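For clarity, chains are labelled A, B, C, D, E, F, G, H, I, J, K and L in written order, and residue numbers in each chain start from 1.
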Amino acid sequence: MRRVLCLSGPNLQLLGTREPEVYGRTTLAEIHDELRAVAESRGATVDCRQSNHEGTLLDWIADARGQADAILLNAGAFTHTSIALRDAIKGVGLPCIEVHLSNPEAREAFRRRSRIAPVCVAKVAGFGAASYRVALTAVLDWLDARDESR
Amino acid sequence: MRRVLCLSGPNLQLLGTREPEVYGRTTLAEIHDELRAVAESRGATVDCRQSNHEGTLLDWIADARGQADAILLNAGAFTHTSIALRDAIKGVGLPCIEVHLSNPEAREAFRRRSRIAPVCVAKVAGFGAASYRVALTAVLDWLDARDESR
Amino acid sequence: MRRVLCLSGPNLQLLGTREPEVYGRTTLAEIHDELRAVAESRGATVDCRQSNHEGTLLDWIADARGQADAILLNAGAFTHTSIALRDAIKGVGLPCIEVHLSNPEAREAFRRRSRIAPVCVAKVAGFGAASYRVALTAVLDWLDARDESR
Amino acid sequence: MRRVLCLSGPNLQLLGTREPEVYGRTTLAEIHDELRAVAESRGATVDCRQSNHEGTLLDWIADARGQADAILLNAGAFTHTSIALRDAIKGVGLPCIEVHLSNPEAREAFRRRSRIAPVCVAKVAGFGAASYRVALTAVLDWLDARDESR
Amino acid sequence: MRRVLCLSGPNLQLLGTREPEVYGRTTLAEIHDELRAVAESRGATVDCRQSNHEGTLLDWIADARGQADAILLNAGAFTHTSIALRDAIKGVGLPCIEVHLSNPEAREAFRRRSRIAPVCVAKVAGFGAASYRVALTAVLDWLDARDESR
Amino acid sequence: MRRVLCLSGPNLQLLGTREPEVYGRTTLAEIHDELRAVAESRGATVDCRQSNHEGTLLDWIADARGQADAILLNAGAFTHTSIALRDAIKGVGLPCIEVHLSNPEAREAFRRRSRIAPVCVAKVAGFGAASYRVALTAVLDWLDARDESR
Amino acid sequence: MRRVLCLSGPNLQLLGTREPEVYGRTTLAEIHDELRAVAESRGATVDCRQSNHEGTLLDWIADARGQADAILLNAGAFTHTSIALRDAIKGVGLPCIEVHLSNPEAREAFRRRSRIAPVCVAKVAGFGAASYRVALTAVLDWLDARDESR
Amino acid sequence: MRRVLCLSGPNLQLLGTREPEVYGRTTLAEIHDELRAVAESRGATVDCRQSNHEGTLLDWIADARGQADAILLNAGAFTHTSIALRDAIKGVGLPCIEVHLSNPEAREAFRRRSRIAPVCVAKVAGFGAASYRVALTAVLDWLDARDESR
Amino acid sequence: MRRVLCLSGPNLQLLGTREPEVYGRTTLAEIHDELRAVAESRGATVDCRQSNHEGTLLDWIADARGQADAILLNAGAFTHTSIALRDAIKGVGLPCIEVHLSNPEAREAFRRRSRIAPVCVAKVAGFGAASYRVALTAVLDWLDARDESR
Amino acid sequence: MRRVLCLSGPNLQLLGTREPEVYGRTTLAEIHDELRAVAESRGATVDCRQSNHEGTLLDWIADARGQADAILLNAGAFTHTSIALRDAIKGVGLPCIEVHLSNPEAREAFRRRSRIAPVCVAKVAGFGAASYRVALTAVLDWLDARDESR
Amino acid sequence: MRRVLCLSGPNLQLLGTREPEVYGRTTLAEIHDELRAVAESRGATVDCRQSNHEGTLLDWIADARGQADAILLNAGAFTHTSIALRDAIKGVGLPCIEVHLSNPEAREAFRRRSRIAPVCVAKVAGFGAASYRVALTAVLDWLDARDESR
Amino acid sequence: MRRVLCLSGPNLQLLGTREPEVYGRTTLAEIHDELRAVAESRGATVDCRQSNHEGTLLDWIADARGQADAILLNAGAFTHTSIALRDAIKGVGLPCIEVHLSNPEAREAFRRRSRIAPVCVAKVAGFGAASYRVALTAVLDWLDARDESR
């Protein structure tokens, strides 16, 4: 049974209340519920967490080895500044998918650079709350394809 | 019935033969076949084209008004240099999804900047040939969600 | 009899339909009609064309030698990226006037740099559709003044 | 009754002991005492906290909605690097005043850029420990003026 | 009756004597005479002034409110450095046309950036002394067109 | 008796009439009246002046030696370009407080750099017209604290 | 029998007429004749083409696989801007020699950067029309040496 | 008896398991054991800790005053981004040695800049796990030499 | 009889009182006296002026044509920002010598760039108040040498 | 009889032993032998030298005036840093051909900039040891063509 | 018996006399004596040399092949500019340790970049004269460890 | 008796023969003769040398301690690249005057940066061959003034 770890970073606990005209009215809890339903329908599990602490995200990624087959990571603003997250992803050796609600490159210039993109296998951005579901479905397909080609 | 226009830019006709260790062995024709099957299963149509000519891509985008509900665009190397494509997307007023086989930001530095990202609603990158299918499914969902919320 | 070549580049065929709140409702065909009327009233001719293909614009400029006395060029987005257009203008040896509907320097930062300005004798920008007419009148005066001073 | 949240970031717990020739001999506890006295004299309250953890500051800002009317934020070194703090301030929707003991722009070059200034309504810097009091008084006046003009 | 204010900045009093091979032999007084004749033929007036003092130009622009319908501004070298002129133009709320004798972008690199272009409605450059006349005619047409469309 | 010199630079004479939605409706004369009242209540005097001329501001600063105990300087757009003002402040040897109505760092990118901040002891920005009063009160306190600690 | 593909890009059809003091009086047709003679004397063939269209050059390069042993490419102004040409060269997997009539690095600064150099095995520049012949001879030797060392 | 504080930052808990071909197979626990043995043989003590939390590292450094004679700091990825660590080191007033397993300057460009190097007295990098021991030995010698020269 | 114009820019009226440890105790009046004595001994005259107003300096330079044989210019802080001074020097067509008391390139980074150096024939910097005398003597010799070589 | 000077710079004495997988197994002595044979067959002479000392290369170039008709220069790593070599080439007034074994632009970024290219008439790079022979043949042809056209 | 080559570059012959407050009072001869004693105690030899000539250093490094097991290199100011040294180290194929007395990254900005670090196996900096001894001891250990692991 | 060391760097032995339209027809030997005559008339001596070798210049500067009172240094192209010369000047502790025949800042962009200016007390540039004499006279005066003020 496939296990996916879904991590969300700083300020994402505000989803559904913060700037709804930009981010929509869906809460993070509702997203997590939908992800669990999708996983179940695929015979998989998904473990969903959120933290405003970079160190906590680093701990979770490091501890995922042997506990998960892939990571969905919406690192929020840490996306643009954290080399430590980059190193953690590279170190744990699991395929990681970068996820964003909006399309960061269509926003301010300082959101153009992603520190983690170079160590991620794929990226999904701009579908609003649906980005998480799109990414989960795609990564499960990706894992199937990888294993078949081995 | 939803109509999607799927455009691929320079050198993508080489898919499946060019550097297979990077881009895989699936040809563009096979991708187009899969997209048409997916569209049919969703009660939609997809019109798939490729050109090495920037001017031809500009013509196709301009002519899409009233002929398509959304555009999937893998602009290849033009992604990083063409302001004209950006203007065409903005001018035609259709939702456009940026698509890439690989994760360009994980490659050379000059592939970090996307000229078209700021006028696209979403991006899918890094799932190999599957990026097209992921993007098609996601944009059809996105169109449903948009219409429901109107 | 003076002959002027008036070239318009990518996406300008959309004039009058694309973002009318920015570019106005006049179509390129209407502009061409007005230019021909102005030219006739001055005892001159003007040959008006548009293409989305950089290569086609290059062909037209190269073929203008001996066929035109001056060029009006609204290169659209190619203004900011095309060194080939710059070389073509320099190579053909005809006076070229850079024309824009809007004032590009008052828009996004990447529209600040004009690749062709350094090889043009003059620039007219920001008068909307009237920019073409202002430029045509000015270049005809400029040709008269140049010949008188010889 | 107005409620102000006053947050101090990394290393500010060292105030009064760290480099007193630069930062003076007043401790953060003494500053907090003075702020509470000033608030009381204005019929307001101020809640003063310090943390070396970016995540903790993010939590406090997010939780301030409905609990405070304005935020005084001395983000210390995070001022120059934290996009997450910027997002948190923007997300919570409360007026935020940037506060500094010294005048960072008069110090090293890397202290010239403030990541949070673009989302703050005002800034007070360079009055030493008094910067906090100046900012508290000014923001209370600012809130009065805002409400009068509504 | 339309009133236009025509301002020229530093070193333009040298026109006709300074580097005539670049700027021609027409003096600024002769240009001013021609502008007044053109204005009269259009039933308008033009008030022409020159100063080497940035502060004086700022005073004149600020005082133009209610005294002029549009401003022609050849800011000379201040074009590239003066944020104060930019603020003055924005503050006075009148349409301003940027004018240059030569084509600055075809000269040294530091003349590529115009500080005032982003707050001007249009630009005319490169027609020598005739640039002033071209701009005056164009702005009078522009004012007519604007009023008609209201 | 403490004497403070309050200088305002280019375009600030337009206050209350220029873009009131950004700068408010208070005029500079009203600000000066308030400053004089505050000073009187503190047993101090304040000398308030405005000029659009950088040279005049330089003269005033140089002449302040022995005539003032501190300077409040709202240099307007000169803030971002004038090294001469920086040198004048450094040369006169008086404490200088940088004052702004708005928060420049929250506006265009070219307003991020302050040429004078490195030679000022403090900064107050973003409280609208109240910024002047906040700065005057703070600098009087700062002078008291400085003298007590000597 | 060795087969070489010799491609020339934008504006090179003007050779012999454009700026002869820079590029000489030899036409591209004369160069092509000389190349064919040289190839024949070496028991090889050379296929010479020119286009102002980037897309046409891309088509030709992609179609060269299995049809040519090496490519001589004078990309003209596209040298400095076209990532698509770079990708095409890399994709087709044939040795490519960069050719220039003049020495671009001895000209304007924007001609210093070659987008295609990093994927070419060699470069010949600055010998005027003779650069083509020098490159053809050298690449035939290079192919011989490569095959001998296998 | 000399006391040394040895701090390791983000992801270093993965040592010995993460990318062993780059970092070797020695675990951080084994390094800590070796450091304690070396310290004992020198009549010193070493207190070894690791955290993924920047705030925790800041707390530990601030608390080291009076508790340690020197600090060995392998800040991992925080090396390149954390101004807060720099301020903490400067504030605590203890000699700090920058330690790295690999040679960061021989890796990606973004690892060239060390935020903490300017406030450290020395650096040891590139000896693999042995870097810690080399640094501990050297700093004990350094402390001896410093005290002798006093 | 040779006539030299010696101009000093912003803040130089403070000489001898401003930061004497950097600029020495000689006043500008004393420098002017020495220059007049040196000129007289050489059978020449020198006209010495100072202004804090860029516009006044521009007026003086423009009016120097036919009134002076050479210009000594210590533009102070305007050295680094004024393109208008550069244009004035170029326009008046007189040899200009850049003069500085200190060695600006040995100070802050923003004093590295001289806007006027590219249009000056020579530079003298770093000899303190003596820089003026060194420059005056050198330019008189230079004028003699130039006339002899004609 | 034509005389060519062939100079090789730092580390090229290691050819054939240093990184043979990059530079091949031919030694510099063998290259020199081949060059002398080629020159003889053309009725010319070639003088071949190598030095690790920039000063020695400068001496040789300066002394070449009247002793050689052209210079082949493989400046090795000095290519990217030595302005002195550039000045020497410009000063001696002989045509200089830049030669490289590999294609430097296809290697590290710091090898992209050639300090000497702007003063060389031509460049040959990337043919391995054969680059020297290609350059010698081409420059002899170039000298013939130049003399014929005189 | 291990043989180490210890090279010191420009100005290091001044050690002990140049700026002793920065570099200490130990001379290079004393350092060399200490190194020889340390080497002897380890059953090794060290050959110590110094030169101000980049070319001489290049000669010594090239000649070290087969004559030394490792190189200690304090390249002084050449560290920041010499690509030739980098190439020499890479070419000779011996392990090289970068050595500095001070910590260059804690000094001026132009000392941040080391041209040779990317080709060195390790770096020791900031221990004053002791840096040499630390490096020698460490590299002998490193050689032992390398050989044991083979 | 004052002793001055006058050093000239790369390519200056070509003076009088290299590009005489830029550098004049005076040879370096003639300049040296004039300097010796000037020195004698002032009761001083001057030791004049030239080398194309950076290392030789470094040796001469280091050996000047106790042998000279000041150094005149025309470092030629090394001016822009040599940090080693900068360190040598700083290390020897003698006042150094930067000398240039032309005005380097009025030439190519890469001659704008002087590596040695920040450690020189003064600069003389642009008087042609007379620059040496002007600098010698000025430095002798400067030494007198320095000693008088002690």
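In the analysis below, a contact is a pair of C-beta atoms (placed from the backbone, for glycine too) under 8 Å apart; a residue touches a chain by one contact, two chains touch by 3 or more.
Every value quoted in this text rests on a predicted model; they were computed, and no experiment measured them.
K.L.:
What chains, if any, are shared contacts of subunit E and subunit L?
P.N.:
I
K.L.:
Please decide if copies subunit A and subunit H contact each other with the same set of residue positions, more than half shared, or with different positions, and reply same or different.
P.N.:
Different, since most residue numbers here occur in only one copy.
K.L.:
Could you work out which pair in G-J, A-H or I-L copies the interface of K-L, where over half of the contact pairs coincide by residue number?
P.N.:
Of the listed pairs G-J, A-H or I-L, the one copying the K-L interface is A-H.
K.L.:
Taking each chain's centre as the mean position of its Cα atoms, how many Å separate subunit D from subunit E?
P.N.:
46
K.L.:
Starting from the mean Cα coordinates of subunit F and subunit G, work out the distance between those two points in Å.
P.N.:
64
K.L.:
Determine the centre-to-centre distance between subunit E and subunit J, using the mean Cα coordinates as centres, and give it in whole Å.
P.N.:
Whole-Å distance between the two chain centres: 55.
K.L.:
Which subunit L residues touch at least two other chains?
P.N.:
Within subunit L, residues 53-56, 81 contact more than one other chain.
K.L.:
Touching pairs of chains, which are they?
P.N.:
A-B, A-D, A-H, B-C, B-G, C-E, C-G, D-F, D-H, E-F, E-I, F-I, G-J, H-K, I-L, J-K, J-L, K-L
K.L.:
Under the stated contact criterion, what part of subunit F meets subunit I in this complex?
P.N.:
Going by the criterion above, the answer is residues 53-56, 58-59, 62, 65, 81-84, 86-88, 90-93.
K.L.:
In the complex of these two chains, what residues of subunit I are touching subunit F?
P.N.:
Interface residues on subunit I, with respect to subunit F: 9-11, 13-14, 17-19, 51-56, 76-78, 80-81, 110-111.
K.L.:
Using the touch definition up top, name the residues of subunit L that touch subunit I in the complex.
P.N.:
97, 103, 105-106, 112-114, 117-128, 130-131, 134, 137-138, 141-142, 145
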